[in-house]
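A, B, C and D are the chain letters, set down in written order, and residue numbers restart from 1 in every chain.
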């Protein structure tokens, strides 16, 4: 799976000194963005070409809280890549191997006015190596 | 279901002029907090008594984007209230009735060091009327 | 001064159980937005007419931390309202009267492409009663 | 000055496709944190030793909006380092050299219960090379 590394910031935390449950979604978005950049074109280039990838479902299981200054690895891969659909499996892991969160975010490829459209073939081809075995 | 009303703020939005997908979780937390306040004791009072409610699962389906200044109704009810578990069904609806998001957030009742514990009986009793029929 | 009331949310806090220093700016923006709504037209209506109010300076003095679930009053008034400039004095106060923060946010009235323009006369007139004595 | 590089994320932006004015403070905090890490001990280590650095003033001048996916350099240096006071000058610059923001954040060195205390001598010594000429 594609790995994106980051560190927990003050702005990510809430009382109890752990990452606020919503902020993990920020991290997942960052990781998806870096996956796209790594295969050629960042989200911004696709958007300039009239293609966006709005989320339609999120499923997350929170395992262990991440804390301020923790180094995190965010793993992202694809579990579906077909027609207009891109489903991403994700996992956030601490430096010591503890799993913080795992789950899936499901997206649809659309035009800027949010009409579903097929994933552009060159994007589909570049994403193909990130589709996980068994899918 | 319990209804909490709010309005979309600049800080909730991202490019494309819609609410950023993670920010809906902020709104859901606000609504759960106001539900607790409405039945007697806000989260803070429970925390001062050593009881917290960390999330362990989130399942969300995004239907239609909410935009800046939209008035939203956030509906929250319980689908499970048993032993240490509190599962909340949630729905965010615009003033015109359009459904923005629906789903579930699942929580466990724990001590401050995150050891599961039974939901305090008086809290359980106060939450009982918010358990949705069929559950 | 115009008063906007709100309550500190989990999403506003960081470790140490106080509001994160950047989040007070979210609250100030909410208060300015409600001031505009109270005098007739919310920000969104002005934006639809091609008028926005980007910030160009922020000066804040942090007095005492606000904490989760604190009730806050956010006071906003104008210290300058002339040509293209709108300067807002602001103060955040707890229910017990303790001052959390005070300062100023300075804005310029512009077209959507961020060219300065005179404040529309009807807006200027409606804001005039909020200009603080001595200014 | 110390330079920290980052990229604008979806979560940083708001409608109008620019960084929300409060989010720059998140970036400034990240940069100060990386400055501390670079000279030896991250904030977290100081906090574990009972020393924190709450903000007491923020002064910012916004020059040009940063946009999604922009690469930013955040420059941080000290303008004061004396007794309990640490004042940081800061500047955010785009890859093309355009200045996004400049200003100052002022902090006080305190114990965990927010009583001012002298900056620990080893920290003061390590920060000394980051004090800007003329200060």
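As a convention for this text, contacts are C-beta pairs under 8 Å (C-beta built on N, C-alpha and C of every residue); 3 or more make two chains touch, one makes a residue touch a chain.
Here the structure is a predicted model, which is why all the values come from computation and not from measurement.
Q: Which number of steps is the smallest that gets you from chain A over to chain C via touching chains?
A: Minimal hop count between chain A and chain C: 1.
Q: Between A-B and A-D, which chain pair is linked by the larger number of C-beta contacts?
A: A-B
Q: Could you find the chain whose CA centre sits the greatest distance from that of chain B?
A: D
Q: So what's the Cα centroid distance for chain A and chain B, whole Å?
A: Comparing mean C-alpha positions, chain B is 24 Å from chain A.
Q: Distance-wise, how many Å sit between the C-alpha centres of chain A and chain D, to the nearest whole number?
A: Inter-chain centre distance comes to 28 Å.
Q: Out of chain B, which residues touch more than one other chain, so two or more?
A: 10-11, 16, 22, 26, 29, 68
Q: Within the complex, which stretch of chain A touches chain C?
A: These residues of chain A touch chain C: 10-11, 13-17, 20, 22, 68.
Q: Within their complex, state which residues of chain D touch chain A.
A: It is residues 9-11, 26, 29-30, 33, 42-44, 68-69 of chain D that touch chain A.
Q: List the residues on chain D that touch chain C in their complex, please.
A: Within the complex, chain D contacts chain C at residues 16, 21-26, 29, 52, 54-62, 65, 103, 114.
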